[in-house]
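Heads up, the next two complexes both have chain A, just with different partners, chain B and then chain C.
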Partner chain A sequence: MKDLQPIIKSLLRAKTAPLLLMLQIAVTFTILVNAVFMLLQKSDEINVPSGLAENELFWFQMSLHGTREEKKTSLFRDLDAIKALDSVSGAVALSSIPFSERGAGHEIRLERDAVGYVTKAAFYSGSYQSLETMGLELIAGEGFTINDERRLYNFGLDVPSGVIITKVLAEQLYPDDWRQVIGETIFLDEDAQPVRGVVEHLIGPWSFWKNRSFNVLFSNVFITPEVSILVRIQGDNIDKSMQDVMDVVMQEPRRTVDHLEVMTDSREKAYRAQVAAYSTLKAVVLGLALITMLGVFGQTRFAILKRRKQIGTRRALGASQIAIVRYYVIENAVINLCGIVLGVVLAVVANNLLVAHFQLEPVPGLYLVYGGVIIFLAGFLAVLQPAIRAASISPAEATRSV
Partner chain B sequence: MLLYYFKLAMLSIRKTPLLSFLMIATIAIGIAATMITYTVNYMMTQDPVPGKSDRLFTVHLSSWDPNVGYRMKDGKEDIPIFMTYQDATNLYTDQRAHKQTIISFHKAMVRSAAQPRGQATMTYLRPTTHEFFSMLNVPFLYGSPWDASDDSQGSQIVVLSKKKNEQLFQGENSLGREVVIGGLIYRVVGVLDEWLPLPRFYTERSDSYSEPRGLFVPFQSSINNDWLSGTDGSVYCWGGADLIDLNALKASECVWLFYWVELASAELRDDYLAYINRYAQEQKALGRFQREQMNRVMNVAEFIEYNEVVNKDGRIAVWLAMAFLIACLLNTMSLMMTKFHGKGAEVGLRRAVGASKVDIARQFFCETVIIGLAGGAIGLVLALLGLYVTSEVYSHLHAGLMEMNLSLMLLTIGSSVLASTVFGLYPIYKACQIQPSSQLKSL
Partner chain C sequence: MLQTISENAKGYNMLKMRGVAKSFVTKTVETQALQPFDLDISQGEFVAIVGPSGSGKTTFLNIAGLLEAHSEGQYYLDGKDITGLSDRSKSSLRNQKIGFIFQSFNLIPELNLFDNIEMPLRYRTFSRKVRAQRVMEALEKVGLAGRKSHYPQQLSGGQQQRVAIARALAGSPSFLLADEPTGNLDSKMADGIMALLKDINQQGTSILMVTHDMDQARQAGRVVEIRDGYLTEQQLALTA
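After this line comes the complex of A and B, so read on.
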């Protein structure tokens, strides 16, 4: 550590180059910490559990025709025919489809007259077999039975027949113990509904929505001129199942079908923008790390080039090779540390700006620590080679004139 | 003299190829990253109707449920951006703005009359009124918009986009030809030229950066045909509304139509809002509009802002890329220090034989300009390449967002030169400080 004093003295004497390097490290640290945090958040978003048996599901929208009674009859006739197929294990009519970007939602309250709402949640209403067909895992309370299923021309929320909600929504409503929610009444906008069950996961229709995991399920088939049908296949040939189902629904001559899609494709489509942003961020992080390491590397080489004579003199006066390496490694560590300290300040400022202007979440303090360690190690790696080269400078160098 | 400095600069760049290459490459990468993100963001935030956007307004009414608000936005009660059928048609019949239009949605199986039935494809349509085209400056390739009488009768006529005309009629002049929409015959009266307003501000946020719908039909004809589709647009309802057919929807308080007006000048905005408020008062007397009234008109820029059309990620990316550019420039600056330091002897010699500090500064300035130019040129190539890759990765956005125009290209080169000279100032200053004596002694 006796090197430290001359290092600091020499850094203070010729400060421009180390100052530049320090600034570069600080800026890199700032971007890196914020970008990596965003990257991890995006990765959480992309990999959010849907709760669905995604590989076994496909969906489509189909038109219904005639009077309201005819529409209802034809919907249930077709649903029964689809369910009877060998290649299908279940089929339900749903008011909206996960990942489809279309759906309805409510403000959720625990008191009807509460001024603010607890959260907003998306709303799925459909056949009583929705849970089984989607593949949801019921973790508390009870599911729907055939007696719960109503078949209306509206949402039918005025009748309190009960809803099933997701676990994260239950936790939001009852932070102390989410199980308390069973049997309690919640308000969907103004309509009171008792909670009869809780499912582990269910993704909402809007992938980009911050409340995408807050969802409410209800058992009422809402009959509209165009309905969405979700089908779970039997076996592993999804194309055959889709063909079989289309053969059934196209028997109605006026029928039109839209969006015939397997659930895995819907998910991919829904997260396209996020995945794209994810890859962009990754490229930025990678590029930055490389450029900075290059900077440290070039900088140290330059410093050594400048000081060949001094190194030679030191070697001639008896400094060991290790001492030379140590000198440059410590010098680099000092610059690095200063850069990281400045970087922490900048990163916090930048993050505050991001939080204020873009409603991002603040970076947890631990990231600053990790970021510091990583930058420090990268700087160490970059300085090693030039430092070792410096150590190999021959003492004879001291006697040369330039 | 300047020419001589350029010659010297070129010579110096050739003498230290690795250092020069590193400098140019770092600038190029930083500039490319900044320009890629900036281009996408710039294209996203352009004025979609230049020269008119301050006179186009969308009208939002407080027609919602007296018991519960429509929704909360930023801690305040918000009203729908859509209108009920009754209000849209009432306001449209009044004709109080310079121009006004109703914008609706529908989807149906569509084919040209010549195509067999099996070739019909599911197509998203845009029922609207004839003013739509002149209000949004939509260019026509063949024919023209329909007229007011077609709107009032609901004539079965259609305007096709250029792309749709290529699909249905191989791009020929298809005026007078027939298109079958959902089993009904529509006659082509117009074909649009290339038209891509970005962002596509007049409808929902999720559609902002995609292709406009390819078929336009008179709104009244969609009403005459009882067209109702709830899944390619939004219908928001309250009070247990029943959406089984169009008549139910027409009579309901459900909101689903966009309403836009063009005023003769932006100053008439308050007058028009006063008219809207008077209309709301009349409706209130009839028992509707029982909520606190917060009716509003929003111009194009306000609505884009309100609707959060411009992607937040995009703006963050620009800031990130700019910080990245700064890191790159700091790196370049270090490299320049190295380079100019290495030329101490040359500077000393030149100073000794009579060059002034200004001469030295000019010489090095030329060098930084050349490096900036080279960095800009390579950066431009990298940016174009990057944009191409981006348009592949961001395939859900319209490729038009990933194209640079001439001014953006000039900006790329210009900002590169500017950045390299600004960040070169200090190294140049340091180089000028070299004393002739100190360098000459050791030689």
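After this line comes the complex of A and C, so read on.
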């Protein structure tokens, strides 16, 4: 470390070039840390757990005809026939379908007369077997039984038969201990419902909604002229299963079927725009990082190799090749560290602005640490090649007159 | 043809070259920059190397200063055969045995005089205190002790060369190797530098100086001429 003192002295004496390099490192750091954090957040958003047995599910919407009673009869006759198929393990009628972008929701309160609401949540209402058919994991309380299932021509929320909610919704309602929610009454708009169970995850109908993981499940088959049916297959041949189910439902003469779709496609469609944005952002971040890193490489290289004469002189005066490499590596580390410190300050300032203006989440401190380590290593890589080249400069350079 | 230039040798041989030659080989051509020669330089001698541009002076200086390897022959520096030494050993020998003085001073502009002179001492195991002491002694020898915190660009050319001489002296070398030390100076400053070099020589340090100025060469005790790669000893006029 004998070199450190003269290195710092010379950097302080000739400030412009090192200052520029330092700024470039700081800006690279700021951009990278903030952009990578945004990318990872976006990635979390796209890969949000749905709670569903996605690979085993498909859904469709079909028409019901005749009087109310005829509609009800035909729906349950078909549901029973579908469930009886060998290629089907379960089938339920649901008021809305995950990722379908169509559904209903409520303001959720803990007291009927409360001003405002705690949050908003989407609402699924359907057959008592919805939980099992969707593949949800019940982590507290109890699910629905056949006795809980009602078959109405409205949502039927006026009867407090109980709801199952997602864990994140429970955590929102009872931040200290989400389990407290079991047995408590919550209000869906005006309607009181006791919470009877909590599931680990359940994705909502709207992929873009910030509350997409806040969901309520209710056991009532709401009979309308168009109903959505969710089917879980038995075995692994989803195409055969879909064909079998269509053969059943199309036996009804006036029947029309819309939106026959496997759940993985629904998810893919729902996130297509976000995946495109994510990929574009990733490419931009990578490109930007590459350009700025190349800039740092170029500047480092120039800063070293423009001093050929000085390096030759040092060599002539007794510096070994190792001493030359060491000198420039330490010099670079000093600039790099200053750049990173400045970068941390800039990153925090930039992040605060982003948080204030765009309601983004603040970057966790750990990202600054990772960013620092990565930039430092990249800087080390950048200096290594020019430093080794500098060491190979002949000491005879010192006596060269031009 | 082997030239032998050793008749002026006196006392301990600081530098001994036997059959030393230098050739540069490219894919198609081999250029003989220095023809084989013998040369002895003793402790306390002041030798001037003269010759026209392109004659091989700088190549000779680079070989003598271990800045470039010779292609043939044996070179003993202070009794040590340097043929085939590693880069590290040569760096260390340069640092301890040779004091370099360059035509364009080669001071580091970002460092003040003290730090410039201290730089080669940092490649050795001296303590900070010893380094400081040596730097100050060297600065005093060249009469610039009061300006240790100045930067090279704040000094005249002559003063800068004095700093370079101080840098060369601070490591107590076996001999000084001066490459056109007055080449970038006006005659008044050049005279001052020559006087300083003679003074240093009189105190016992050997000096090998490359110059194209015959007046200065005559001030050295001994003149070796290089012409087209051949070294010849010059007989000095008695009036010198």
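Quick notes
In the analysis below, the second predicted complex is superposed on the first by the 392 of 402 C-alpha atoms of A that agree within 3 Å, B and C clash if a C-alpha of one lies under 4 Å from a C-alpha of the other, contacts with A are read in each partner's own complex, and residues count from 1 in each chain.
By our rule, contacts are C-beta pairs under 8 Å (C-beta built on N, C-alpha and C of every residue); 3 or more make two chains touch, one makes a residue touch a chain.
Note that the coordinates shown come from a computational prediction; the quantities given were computed from them, not determined experimentally.
In the superposition on chain A, A:K309 contacts chain C only, with no contact to chain B. Of the two partner chains, chain B is the only one touched by A:T30; chain C is not.
When both complexes are overlaid on chain A, the residue A:L354 reaches chain B alone and has no touch with chain C.
When the shared chain is aligned, chain C comes close enough to touch A:S320, but chain B does not.
Comparing chain C and chain B on the residues of chain A they touch gives the larger count to B.
In the superposition on chain A, contact of A:D3 is made with chain C only, not with chain B.
Legend: residue contacts after superposition of the two complexes on their common chain; A:Q299 is shown touching chain B, with no touch to chain C. In the superposition on chain A, contact of A:A396 is made with chain C only, not with chain B. In the superposition on chain A, contact is made by A:A14 with chain C only, not with chain B. Chain A uses residues 401 to touch chain B in one structure and chain C in the other. By the touch criterion stated above, chain B contacts chain A in their complex at residues 22, 26, 29, 33, 67-68, 71-72, 107-109, 122, 182-183, 206, 228-231, 234, 240-245, 311-313, 315-317, 319-321, 323-324, 326-328, 330-331, 333-335, 337-338, 341, 390, 393-397, 426, 430, 442.
Partner chain C is touched in their complex by these residues of chain A: 2-3, 6, 9-11, 13-14, 309-310, 313-323, 394-396, 398-399, 401. Every residue of chain C that touches chain A in the complex is listed here, in rising order: 58, 61-62, 65-68, 87-88, 91-92, 94-96, 100, 102-104, 106, 108-112, 115, 118-120, 122-124, 151, 167, 171, 179. Taken together, the chain A residues at the contact with chain B in this complex read 16-17, 20-21, 23-24, 27-28, 30-31, 34-35, 38, 61, 68, 71, 101-102, 107, 116-117, 153-158, 189-190, 223-226, 228, 254, 256-258, 269, 272-273, 276-277, 279-281, 284, 287-288, 291-292, 294-295, 298-299, 302, 305-306, 350, 354, 358-360, 401-402.
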